Amino acid sequence: MTTIEPETSGASATAAAAPGAAPADAPRTTPAERPSDGEHLLSTRDVSVLYGDNRALKPTTLDFDAGTVTALIGPSGCGKSTFLRCINMMNREIPHCRVEGHIWYGGVDVNAPDTDLYEVRRRIGMVFQQPNPFNKSIYDNIAFAPRRHGVKGRKQLDQLVEESLRGAALWDEVKDDLHKSGRALSGGQQQRLCIARTLALHPDVILMDEPCSALDPIATLAIEQTVRDIVATGICVIIVTHNMEQAARVSDRTAFFYLGEMVETGPTAHLMKMPKDQRLSDYLTGRFS
Amino acid sequence: MTRSDKAATNAADAAPRAGAQTGATRAASAMDADTAASMARRARRSDHVATGVLAVLVGVVCLLTVAMVVYILASGGTKMLDWSFLTSNPSDGGIGPEIFNSFYLLFLTLLISLPLSLGAAIFLTQYAPSGPVTTCIKTIIEVLSSLPSIVVGLFGFLVFVIKFGWQFSIIAGACALTMFNLPIMVRVIQQALEAVPRGQRDAGLAMGLTRWETTIHVLIPSAIPAIVTGVILSAGRVFGEAAALIYTAGQSAPAIDFTNFDITSASCPWNVFRPAETLAVHIWKLNSESVVTDAAAISAGTAAFLVACILVFNILARIIGRALEKKVTAA
Amino acid sequence: MSSASNVTSESPGTPTAVGQAVEPAAGASGSGPKPGRGSSDAGLRAQGVAPKRRVEVRGKVLTGACVAVVAALVVALIVMICGQGVQTFTKDGVPFSKFLFGTAWNPTRTDADGVPYVGALPMIAGSFSVTLLSCLFALPFALGSSIFVVEVAPRFGTRIFRPVTEVLVGIPSVVFGMIGLYVIVPLIRSIVGGTGYGIMSASIVLAVMILPTVTSLSIDAIASVPESYREGSLGLGCTRWQTIVHVVLPSALPGILTAIVLGMTRAFGEALAVQMVIGSGGASVMPTSLFKAATTLTSVITMNIGNQAQGTLYYDALWSLAMVLLVMSLLFILIVRLIGRKGSVKND
């Protein structure tokens, strides 16, 4: 079930984003305009980030669709992680960090003061660079957040744990020691546990911030496979990576960031083959990294 | 054994250093080789001398500490192991009520200061917005931590004993000790919470949990070994504190009767409104305005018991901390 | 937008793409998370007060209240002690200069002008003498040990030295006072003669008491010097000792100064141990010898405040001494702050 494209009748944008589809971008809406409902799952409009007076990210406009993987690539310090952390408002946890612009999701602007931050984050999950399972058992690592979000009942939780672990392709490896500490797993397993933990909240979007950078190549491939699997269930994955091969393997669309600016975006295959921007082609040919 | 390790490290980093040195000498070809060599020799010699002096200083500090502990335990050891000394009333030369008072006061103090400092530490690590208010709060806690304990005791005297009309009482003493203890505990808990890897907190927040839930269910369980260790160590300090108590909990230890459960009676041990001299206050009292004949022996015995208790606290803190650490990290 | 397939949508104004894009795929793959998906789009915009937000507000209020209690206690302490302390000048009409610079303390008697002898200078001088002397005694040991522990034998430091200083920190001040009384005082008496009580005995006791404080803070300061500084110096062919003197200590200086000032704060405010070995606590004149009975602010307060009736001049004057003590410790903190600020500016 690796690359089942969600062939949906209603979501035209999704189809457009599928690999091999027309390379042309979906027509851009003017920045401040609210995208019409239902066109994209998630749209950012002129999102920019300031640390104090220092602009870390220039206004960025991107669209993301359900059932696709978008890779954010670029050299380190280019603003891709900063952008990612805007989408679930994790930047609000950093002092002196200000996010401007609009992030349209589910009909509301995530970056509005009256948005329910907690609900947004429940639906837009995040997987971090370093695997960071809690100091709890594997079971509790997954059941913890749903419990706090009101899922009750042993049976329901059991089911949720199994389902989430299966979703992250971890069930067969850990089903017999669900009560072992999540920290006792290998690095790759820990990272898949973190993905499972996110899946347990039934998110629409999962943000991944270089999820494989702390892992060995085999664990990396397993994570990539997991990513394709969960995308096949209709989840939108946005993955930050500095590894172009990974972007090529895993993503449908790619956005290239450079020096705090989103330089170019498009279907991954097309972008890698025919970069329009000089900076991107320099990056692809390895002039800098 | 540490010495040999040291020697090994020295040898290890001496080699590249020597290489660098000769390289530098070769480069400065104009420099008189003899002078350079003698300078280097002198530098090496003063290096050895300095290391020796430092070792002596460290040795003195360690010996001094050991000597003090040994002196205390030796001079009061026999008295301390005398059961009747530990259980009888001060009028009979014993310290029974003082022992109970010390532990009871410690318990009450922790009862008040633990939740308060936990709350304050959570606020400071999780909620405090970076700004003038937070800076102000941090300064205030710093002020509290460096206030002389006698000043804290005087404040307790003024407010709890006189203004609130509690007289010299356990509760007044516990309140004063709380003020003495708060800054230490806040700092301990704050450091413990901050030592939890940031990824843990981010993971909780990124799943749509509140900072409160993340703190209670993720950070505190991870920080609990450090918190418990810190709290026990601070308990040791509270246990030995006297200056904050002489004008709050008082300097008299009326006989207590463990069969008395009338909470209003002065001899009921649990009555928080009775005056209560602690072990530390007892030592001070014996040595500053003594009317007892064998004050020296009694105070030595009391000191031995007090120090023994604090040593036990120290060891307990280590053992429990390590055990909890193991439990938290293990499967 | 009304054709949205999302049947569970509760808020007509905020339909979403979620349901449309997801349901078919989820149906196709069969496994995978779905139950919660797109179930409540209304939840995205906080309506009224969301339960999570309520939890957060409650946590904030609860912990904020703890902080407020602590802050209120400290403010109350400063206000009340100063309020009591100024009574000497407002109610009893003693001129402030007579108090601060008067060199005789005997509040039960009055001088020729009818002003009572409430000169605090003897005690202030006594307090400063013991503070400075004890720092002088403790400093070589503290600094030497911290350098040794950080630069020479780190494993010895964590395995042995730190536990040792923790034991030293844990010994109660009355026990220090008692040891001073039974060991130091007789020792001084046998060497110098006299009673053995006095500033010298108090300073020695205090030196041992502040030793762990100064040492552990100096260790922190020295350990926080970046390793690259040392490597830079060693790489140039300097010996360890040269590196310590010319590179490590200068960059750790602000931290070491802070350690010293905090040690002084502790020495200045220590009451019982000092009172037990310094000698008299009643009337007082300017200290003239390190080996004669003297007084400090704390020793006079400790000895007398319980014996004086409320409202008398003596009582008020004692509170004025307490106020001086308080103001001094605030000054010490100010100094620590200034050092900290200067240090951080330098590092920028």
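As written, the chain order gives the labels A, B and C, with residue 1 at the start of each chain.
As a working rule, contacts are C-beta pairs under 8 Å (C-beta built on N, C-alpha and C of every residue); 3 or more make two chains touch, one makes a residue touch a chain.
On a predicted model such as this, the values are computed, not experimentally measured, just so you know.
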Checklist entry - Taking chains as nodes and touches as edges, what kind of graph is this: line, ring, star, complete or other? => result complete
Next on the checklist: Just the chain pair, please, that has the highest number of C-beta contacts.
Outcome noted: B-C
Next on the checklist: Averaging over Cα atoms per chain, report the distance between chain A and chain B in Å.
Outcome noted: 47
Next on the checklist: For chain B versus chain C, what separation do you get between their C-alpha means, in angstrom?
Outcome noted: 13
Checklist entry - Do you know which chain A residues sit against two or more other chains? => result 117-120, 123, 201
Checklist outcome for this item: chain B touches at least 2 other chains through residues 208-210, 213
Next on the checklist: Multi-chain contacts only, two chains or more: what residues does chain C have there?
Outcome noted: 52-53
Item to check | List of chain A residues in touch with chain B within their complex | outcome: 88, 90, 93, 95-96, 117-123, 125-126, 128, 130, 132-136, 144-145, 148-149, 177, 180-181, 183-184, 194, 197-198, 201
Item to check | Complex contact set, residues of chain A against chain C | outcome: 1, 4, 6-11, 14, 37-41, 65-67, 105-108, 110, 114-120, 123, 163-164, 166-167, 199-204, 230, 232-235
Next on the checklist: Looking at the complex, which residues from chain B come into contact with chain A?
Outcome noted: 130, 197, 199-200, 202-210, 213, 217-218, 221-222, 328-331
Checklist outcome for this item: chain C contacts chain B in the complex at 52-53, 55-56, 58-60, 62-67, 69-71, 73-78, 80-81, 84, 140-141, 144-145, 147-149, 152-153, 155-156, 159-161, 163-175, 177-179, 181-183, 208, 211, 215, 234-242, 244, 262, 265-266, 268-272, 275-276, 298, 301-303, 305-306, 310, 319, 322, 325-326, 329-330, 332-333, 336-337
Item to check | Contact footprint of chain A on chain C as seen in their complex | outcome: 1, 4-5, 13-18, 20-26, 28-29, 31-38, 40-41, 43-46, 50, 52-53
